[in-house]
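As written, the chains take the letters A, B, C and D, and residue 1 is the first residue of each chain.
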Amino acid sequence: MQKKNPKIISLTEAVGMIQDGDMLTFSGFTIWRRPMAFIYELVRQRRKDLHLVEVNGGTHTDILAGAGAIKIWESCWAGHELYGKLAGNVSRKAQAGELLVEDYSHVHMVCRLAAGAMGLPYMPTYASMGTDILNPEYDVLGKAGLRDGSHAKIPRQKYRMAQSDFYGPTELIHIPAARPDWCIAHVQYVGEEGTIRVMGQKYSDEEAFKAADKVIVLAESVVPEAMLRQEPERNLIPPYMVDYIVELPWGAHPTGVYGNYEVDGNFIRDFYSRTRTQEGFDAWAEEWIFGVKDHVGYLEKLGIDRLETLRANPGLKYSTKVVRGKR
Amino acid sequence: MQKKNPKIISLTEAVGMIQDGDMLTFSGFTIWRRPMAFIYELVRQRRKDLHLVEVNGGTHTDILAGAGAIKIWESCWAGHELYGKLAGNVSRKAQAGELLVEDYSHVHMVCRLAAGAMGLPYMPTYASMGTDILNPEYDVLGKAGLRDGSHAKIPRQKYRMAQSDFYGPTELIHIPAARPDWCIAHVQYVGEEGTIRVMGQKYSDEEAFKAADKVIVLAESVVPEAMLRQEPERNLIPPYMVDYIVELPWGAHPTGVYGNYEVDGNFIRDFYSRTRTQEGFDAWAEEWIFGVKDHVGYLEKLGIDRLETLRANPGLKYSTKVVRGKR
Amino acid sequence: MMEKQYCQPNEYKTIDLLAVAAAREVNNGDVVFAGTGLPMLAIMLAQNTIAPKAVCIYEAGTIDGRPIHLPTSVGDARCAYQASVSSGLFDVFNQLQRGEVDLAFLGGAEIDKYGNVNTTAIGGYMPQPKIRLTGSGGNPDINALARRTVFIMVQEKRRFKERVDYITSPGWRIPKWPFGEMVHKKEVYGDMFRGGPTAVITNMAVFRFDEEGVMYLDTVHPGFTVDDVKNNVDFDLNVSRCRGTTEPPTRQELEILYQQIDPEGIFLS
Amino acid sequence: MMEKQYCQPNEYKTIDLLAVAAAREVNNGDVVFAGTGLPMLAIMLAQNTIAPKAVCIYEAGTIDGRPIHLPTSVGDARCAYQASVSSGLFDVFNQLQRGEVDLAFLGGAEIDKYGNVNTTAIGGYMPQPKIRLTGSGGNPDINALARRTVFIMVQEKRRFKERVDYITSPGWRIPKWPFGEMVHKKEVYGDMFRGGPTAVITNMAVFRFDEEGVMYLDTVHPGFTVDDVKNNVDFDLNVSRCRGTTEPPTRQELEILYQQIDPEGIFLS
């Protein structure tokens, strides 16, 4: 689709483009390679009524939930892995009926974004049939009256049963596409013109990027385009699929970035334990979001020693300096 | 699926496992990275009644057609690019009614293999609607009585119309999966344990590999597994999806291999011009297939100078020594 | 900017004019699908002249390559040189379906007045054709789902037909299956309708399509007459909208084509 | 081969036994999906003992990694160390659907006698649950499409229920939608039926499933009685097929777990 090359802008400007009510998806997986600086700034700019459609959630989701920024969350999982066994803020808001949670499975969510990425209205799959995920009584957006076709981003059905007899009779399901307004991603490398390279696991980034109407990328490094183009088979996304670039080292902290830095487990554990109540969340946000001026302020508060401990060993792609266990 | 690591075997042994009537698909694209040595040996071993299901055809298809080895060809295109404007043998056999040609489009064929790779009975698509590809009167396998469900690899319908109203009413088609008995591939690198890395364009290799029941890989080089595993994000296929490996430098000649060698345009042009008749094909095959003992004999007949001229420049990934144009 | 210096008819070859006319169909910033041969010359010429921001996708899986040696096929290693992404067909065709492609250059053996194109078979299809051609490739997929397509063809009466022998690639009026009634493309594609053939460029003329999707004569190449064109079309061609003569190549365009894009003489021999 | 030296109950922790019992479910050559924590210990122990050819897939997208430092999540960079392929979820889940996965280790908050598992919500679901859990993740996808699954859980009466509050992951008898009648898994999955839960390993016992897909007691861990187990199950548990005591860990297994796999004490603190 005819586009200009992506613009390199500031984080404040990037977040400024998100409207209340927009549908968002993200790069990464649970507590890995999440666009955390963007999440903090969304809270700082007090964005609300967001509609998240993501393959899975993590610390970023829980922060947005705690801040009351999410209205609808369509996904399959939220937690902090080893550092908090569930997403306390998501749970609290869901239990209070302040957050609409539409449950799918991992495969369903990947299918939703893959279908969006492929320009299809749905993907077929056999995954997670015979579960309450498909219970018609548990169609949360349907029961909330949001499946009447008046919401451009909400499908009229949560899913559909389907049959095929190409190779004998079989029954499967169709999972509706998702086409988020925005994909907000954090990656290792973006070329000056916008080519994106992701190292290590790609999670469901390709589907997230390609499903979205517009893409904002935070990059550990903006590098010469020609360097990435020397090995084009290693790149994931061409410039015309990227709208805005923000160069932001450590922008995924406290989540981890393959080859760059480790998950900051202590940070997440502290977040989890302090934010089980709304008061706790508010105090935490006061300290770590509103209490710092910007991303640099946040990094200064973390301190150089903490960051250097998290920095990945260039051979192993993860840190060898972090104390992880108890022996 | 529980499997042993792939075995490294000889080309003769590898071809010996293919049965008359088997369904085959291949790596590559038109005249690039085709498993040509395997094709020659199929002809040498006089395999017949093959059922080809491939995203597109090329010189390899035309050789098999000329040798009378193909019974059914499901694809969308066959030719020799710049070196022969159509696949003369495919055309001759098709015109004589000696070859069943089931026409799909490029997207349809990719969908067929992608669905097979994903374990789905079909993929939805909007591609090539409103064409004679979908004309029910032109359902060649159907008209030949092969869609009665008694052929495990032939779907009961060529395609199906489908509707969706997830996001307003829309009409599309379902293209049936293909699950070939074999994928025969040629790649640059295979690790000793079977990990596969493809450099440059991957064409539709991933779908071809993953759709097939069994995989035979010809490799320019079998390399230390640890070398490939140093950068796992660059690899395409894990060992448990590979059954047999044949190390065979120049095994794709006269087709080209990114980073290794150029398409041998003169060779293909000569093939094309000499094989427009069956007699011509037979004479050509006598010279280049039956007249050489094996792959080494074939390379010796080509000669070192010819091969070295085709060898790729390591910086550019293609040869700078081949005379390509007329100025 | 240098003043345009137009060439005289004896100063260029037909293929030069075809490449130049095709290049002029590219808008700056277009994402363009191009096939082997003339389409490659056209997109590269456009990128070197009026559309420096145009992006070229080759269907074998390279995106925005910047070849320093002209590729001889879309699968050529040269297509990947300084490409943004080298992936495969599934990726680029999914992008096409998603709506990323603005323009495509395509070819064909036969075309009809609605822009339906045949690259599959001449002289019947079942039980077997008189002449089997290469087949569809990605032609119908791209023609179906790109916003605009431009066909580059040879002008012969037998190729410009009332009705093609086999509709490989969908024009503006196409069969709606299962019954095959001919309808406007919109009725088949519904919400996925994005456009269709916008120009046919031959060795004699440029054709376009009217509001009903019927082909009409737009411009005639220097050295040919409207009657020449009519005599090489097998259906009743609308010539009433003819705008005159096709703009010939400029010296600058030829220099770029011959010196920069195809100095080896692969297509421009 | 060294003679097995079994540990006494006071020589190992519960988590050690869980890891060892789970590892013993792996057949050599199995393609195994594993999640964070105990499943990682189990698959690595198996690879170091009875199943050196087992291949591990982590759902975040690494295939056959050979970590030299224990990953703390399936998205961890350590999972990719010397992996065969590092791709993403779409790839590995498509492989799962295609039938590449033999075995998976899964967990859950609640399980019922048919092996249905809940990881979503406790105490109702609509309009909102009393307790919202993490949600499904890939648990139901993997449980649906792998040949065999093994659940590792905490043994508590409130977790082993006649009927779970929400069926996140499909056991042997599951609702067939749109009406929700409970049927055998075969009736829902048809030709795609490949198997289901084959074992549940808890801190007290190992359970398996009979021909009807009903859970029964297979072995009781050293130090526990059949009654202990019955008292911690909220449905009428079949104990008639109990084979006796669970094989305890060997010294060799513990050495591998503590010295090779988790020397840092991440899970084995």
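Quick note on the criterion: a residue touches a chain if its C-beta (ideal position, glycine included) is under 8 Å from a C-beta of that chain, and two chains touch if they have at least 3 such contacts.
Please read all numbers here as calculations on a predicted model, not as lab measurements.
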- Query: Chains in contact with chain A and with chain B: which ones?
  - Reply: C, D
- Max Cα-centre separation from chain C goes to chain D
- Query: How big is the gap, in whole Å, between where the Cα atoms of chain B centre and where those of chain D centre?
  - Reply: 41
- Message: Roughly how far is chain A from chain D, centre to centre by C-alpha average, rounded to an integer in Å?
- Response: 27
- Task: Calculate how many whole Å lie between the centre of chain C and the centre of chain D, each centre taken as the average of the chain's C-alpha atoms.
- Result: 57
- Each of the following residues of chain D touches two or more other chains, namely 62, 80, 86-87, 96-97, 145, 192
- So which stretches of chain A touch two or more other chains? 119-120, 125-126, 168, 170, 172, 200-202, 233
- Query: Taking chains as nodes and touches as edges, what kind of graph is this: line, ring, star, complete or other?
  - Reply: other
- Message: Let me make sure I understand the interfaces: which chain pairs count as touching?
- Response: A-B, A-C, A-D, B-C, B-D
- Task: In the complex, go through chain D and note every residue touching chain A.
- Result: 36-37, 59-62, 69, 72-81, 86-90, 93, 96-97, 120, 125-141, 144-145, 166-170, 174-178, 180, 185, 188-192, 262-269
- Item | Contacting residues of chain C [partner chain A, same complex] | 27, 29-31, 53, 55, 62-66, 80, 82-87, 94-102, 145, 192
- Message: List the residues on chain A that touch chain C in their complex, please.
- Response: 1-5, 116-120, 191, 193, 195, 210, 226, 228-230, 232-233, 235-241
- Query: Once bound in the complex, which stretches of chain A touch chain D?
  - Reply: 28-33, 55-57, 75-79, 81-82, 85-87, 90-91, 94-97, 101, 103-108, 110, 114, 125-138, 140, 143, 161, 168-172, 200-207, 256, 258-259, 262-263, 265, 312, 316-318, 320, 324-327
- chain B contacts chain A in the complex at 119-126, 149, 152, 155-157, 160, 164-168, 170, 172, 174, 176-177, 198-202, 233-234
